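Both complexes below contain subunit A, partnered by subunit B and then by subunit C.
Now for the complex of A and B:
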């Protein structure tokens, strides 16, 4: 009896291990494994709180228009929820791409929130409040300001790193605070809406999201940003994978000294990669402040700057992976209110689930190493004895 | 005159909790584990402390000034327990240390916010996002406080400032004068050497990360009892990141970091007092609040050339590496 159950255990384990190690699919299977673990752990958490996990997960999907809600208000339907989901996913994806671009060059752009805030602020006061501009002029201007403002901050950070050896984590944190306080000052002094205590609402023409558009009989907020974001994801992928510039950039990221010896201009790569990262963050900023919302809360850095890091990490720091992971993270973040109203758990549980997911994905490489070591041990043990899986994975790994 | 006086007292009240967080960061980074997780540690530590303080206040009727000390101790314990997660990820699971730090921060914010809203419902009857704590008493040293200018150092001191300075003096001793401290520093520079000498790299690093979490927890608790007078998600003001900036500016050693923190505190309070002194409206405080950050960037232009981070920081220990 014992041997049979052991045999079975070994089979399952080795199947799982092969699933994780598979060269071709490992970039997909490891995150899937992490998602499965997260689903398991958060179900346990929900069960402890006395809630039904299935209802909760269904509500997450329904909150984003992937499944039908129990009832809808007049003029809105599933498709409205879906567009709202795209609306918030766009800046998140752009911000994640911003992080990826710097990260591939070995830089850690923690200042995405600041870059977002500054570009959003400048686009708001220069274009958003210019009532006379028509949509055809205002929207490209907004995007342009986003690119330039973010790009300038990024360049400064890169230059400080290259010329003065100032760690990018420190300089971006300092710049975040400076941007937050200075924009807070200007908004509070000149642009505040006395009722809502945030900045005055921008003109409809300059907003990157077409609000209340009729789609299939439902009012939707149709975001322009999502097209830009997905386009950018493929552009970033092209630059990183198919150009000399991208190759050099990754070389600097994986081994700075080696890159230096082969004659790559490391300083230039650092400045450029921070600049492009800043530009992407700037785009994220305008799609957030002049798309998803239409006002700025003074002295508040968008939390999205940090969520973006998480998104990028979950997607293996690859642009296409970032599309998938931003879908997933947005489902949790955006669906939390509806889930909370349906299940009756505080909506912060969505962030907890995201956190657990991140925790597992940070260990992704480790899971893979364990799995391949397990398979190797199994292959070595096979000729002698069959039931090497007896002690469980951890013990077998010891050399 | 009064403005300078206030600048010094308020500046120190801000600088000293920041300093203990930075010292925590130094311990972790010197042992070779990059620590971006200070922000999360301080929040989680403060959450544990605030939870204990609320429970004690409710069921034993102790006043704020007594529960403060229990809360500080609990913050240390809570922070170091939470830090084991960072330790596990970085040391056992060989995760990227920077990423692990960010993950720990995100999880810390969400976990404490979630638990606060769940638990406050139990304690207060209705769910809110905070535990009310009150503000710690302050005291002045008689005699010394009337010394001109420098007397401000001895006026309106929070008791925790003294506690922190005592702890940090001990930690300085631990880091630079004991065998453990030497091993710890060696783990960050050349872990293979520690291994060859019979030390346990993983264990040393783990202890260092736990110390780091505990210290950050104390720092967070102090902010909760001084600036905020409550525990709420507003504790995540980014001071953990500021502490990291301070320790990098202080070149990963304790004494220079102390001066950097004091500088931060004075610049911050100074900007505020300058604004009052010039009689500007409260809007302008926002502009003056950028003082410490602008000054830091400017100073870094001159000082960061000779910055030398621990050589092995960021790398998981690999026995076979040459």
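Now for the complex of A and C:
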């Protein structure tokens, strides 16, 4: 005998399973389910620490300008926080796109942080310190340097792979070290600010973020980078999905032998894909070092170059998915300090939550498989329940 | 009461995949100790049915009884617990392990050194493998590394793997598709031996000849439905073929009078080395004229594939020249050669022929996507893709669950092959290279492809046919070249050679 509550449980479960399996929406419902699970598990974690999870989540949102804080300083408001959120999201999204572009060609660009650092450094010393340049000239120059510097590193990596079969993971890690130490040396020798121990601050004209801009009566840091990043996401999507170039790129990523058989120039495709990946990483670098911040800490690779890998994978390695996942990751990363001050747990809990989120997203396909298996069992179980009764079973099975 | 005799019963099995009923109310009953064949067109649902018996899928409907008891397999290991073993269409072996290690993998005989340190006792395992291989004529050396042995040995290893796990019910999914005629001979003997040893065998194959020779009964599937179960001894080959396809099959294709034109392909003193620096093609010269089918016969592994790869541009030429319509293409890249008029159906379809993760539509357009109307100024036009793909799917009867949107990975092996053949023939190139074009295809599809090859010949294409099937070579070829150890031993008009003579040359006998 089934109790009512039990039947109700089955109904909920099957509704949830159908929600996940649904052909059309599965690409959206599975990530949503993962986010819900993350919220659940992190709530339990926070409860164990004796904190109120609702307050924590609210402060994550408030820290990013999606909800109101208890109080604001003079001249700043919710909208200022929102712009700060965009300031971080822009380079993260660009870096994630950089990863995606190589990944779709079967390459693993883990040198994004190095490419970011080099392009940020070069733009800083060549344009950031050229006080005489006006904004209209400096800003395009900064973007151009980002594209070129990142592109050159990417090209080198691709060429090493194509000509000498040196794996891109190996070469990018080594290049990361070289860039980190060489730029560190130059900053410490020539460009260091004696007080902050990091590089001297760049000129306002060259910065890609308009600081202290009045928006609706609040002072905001308005990032130019976010427009570039979102534009790039759509451009990358267009290239990958609609162009011959993107088709060949994905072909090389999917099966190198067959790409060769098809007549695709595999080597050239590898070099181009790394080059463009590097260019996107370069853009990420300048929006980070000459936008979100205005200085470079020597001998430190930006952690964002690695967060970008997680962001890209969370977004299913698709450009539009990356927009959504970079929103999510930024909310946790950027909101961590406000959350920490409001709830009174260590800032690092944000990283733990991000980790949980990534863990669950990696299991996305597994959830879906379990759900479809559950639905099937349910469908099978139904006739069996009648079976215990009488004959007639044959008819039940075949309507 | 008769149920006692049946070791395997699959009753009213239904299995759906998105967009297709792979098995529709199929019931088969297999007796203890018989060889039971499954015959059916490509995509008829044979592999799917057996995958359910082996626990890889669960049926949507119906039940499975083993030795009269109802079972429900959640995984292959559940099936293995019921003494069921399967040799898959594509082998599942660890390349850099030895034969012995592959066989014991998962059920290693553990011992403890000094009663403390666990280790795998390979010596005992190898002894048992040797004993097994002797009693069933399955020659292997347990200490050989898999990467170094040929396909037929791999297959023996797969069979030993089942026997080592005390399998009583052995499933073979198209075991002969990759074997040479001699190896097939051998395998059939092994099967009879296994039957004598009391094993029950379920055999999937497209070759009615083989069924005729070893099987006791044969079930025929068509588009997911069971059409009938025949007593093999009382049925003719033609009857089986007709039942399988659902219409009269013409087992003999009709060749028109040869009409040769200009020389299209001229290969002169061609030599090729493989990655291990071994010379695999040695000083090969031959010509193919327009309207001529030039077939290369030979035992597998004598340089045929490499010769085809070299002409298509996938392998570097060491010395010699290749001319197409008088133009030297020896150093041209692959795209230049396809543009100049070389079509190629490669031997390893999953490695070279298709992108398994792309949809059928993209795979059908691989030769054209970069040209108008498929793309303009580097922008793809998916409407053009779709129209062209639908046309080919129609004309070549490529069957799949969701039409052109189907991911090629989910298509049956034979239909993947049909897609490749369709794509290459449709280019109507000056030279078309067919390597094992009908491997794994059903008789209806073979008939169809042979017709298309002959139609291309009539159109005036030069055709290079490389096949391990002597029957196919004899049936289609105008000219036959026999390859042995990388050299062409003999080139002659097809009518001037008998199969016996070709067989001799294939073994390297030149004095005739």
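Throughout what follows, the second predicted complex is superposed on the first by the 366 of 399 C-alpha atoms of A that agree within 3 Å, B and C clash if a C-alpha of one lies under 4 Å from a C-alpha of the other, contacts with A are read in each partner's own complex, and residues count from 1 in each chain.
Everything that follows uses one rule, which is that contacts are C-beta pairs under 8 Å (C-beta built on N, C-alpha and C of every residue); 3 or more make two chains touch, one makes a residue touch a chain.
The model shown is predicted, which means the values in this text are computed figures rather than measured ones.
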_subunit B versus subunit C as contact partner of A:76, first or second or both or neither_ = neither
*Could you say whether A:297 touches subunit B, subunit C, both of them, or neither, answering first, second, both or neither?*
neither
*asked:* A:182 in the overlay: touching subunit B, subunit C, both, or neither? Say first, second, both or neither.
replied: first
*For subunit A, which side has the bigger count of touched residues, subunit B or subunit C?*
B
*Touching partner for A:251 - first (subunit B), second (subunit C), both, neither*: second
*asked:* After the superposition on A, what does A:130 contact: first (subunit B), second (subunit C), both or neither?
replied: neither
*With the two structures laid over each other on chain A, which partner does A:242 touch: subunit B (first), subunit C (second), both, or neither?*
second
*Now for A:263: first (subunit B), second (subunit C), both, or neither, which partner does it touch?*
second
*asked:* With the touch criterion stated at the top, can you tell me which subunit A residues are shared between the subunit B interface and the subunit C interface?
replied: none
_Considering only the defined contacts, which subunit B positions touch subunit A in the complex?_
36, 85, 89, 93-96, 98-100, 102-103, 105-107, 109-111, 113-114, 117-118, 127, 238, 241-242, 244-245, 248-249, 283-284, 286-287, 289-290, 293-294, 296-297, 300-301, 304-305, 307
_Touch list for subunit A against partner subunit B, complex_ = 108, 110, 160, 164-167, 169-171, 173-178, 181-182, 184-185, 188-189, 299, 301, 306-307, 309-310, 313, 346, 348-349, 351-352, 354-356, 358-359, 362-363, 365-366, 369
*Taking the complex as given, what residues does subunit C use to touch subunit A?*
12, 18, 25, 58, 60-61, 312, 314, 333-335, 338, 344, 346, 351-358, 362, 366-367, 369-370, 375, 378-380
_Applying the document's contact rule, which stretches of subunit A touch subunit C when the two form their complex?_
23, 242-245, 247, 250-251, 254-255, 257-258, 260-265, 376, 379-380, 397-398
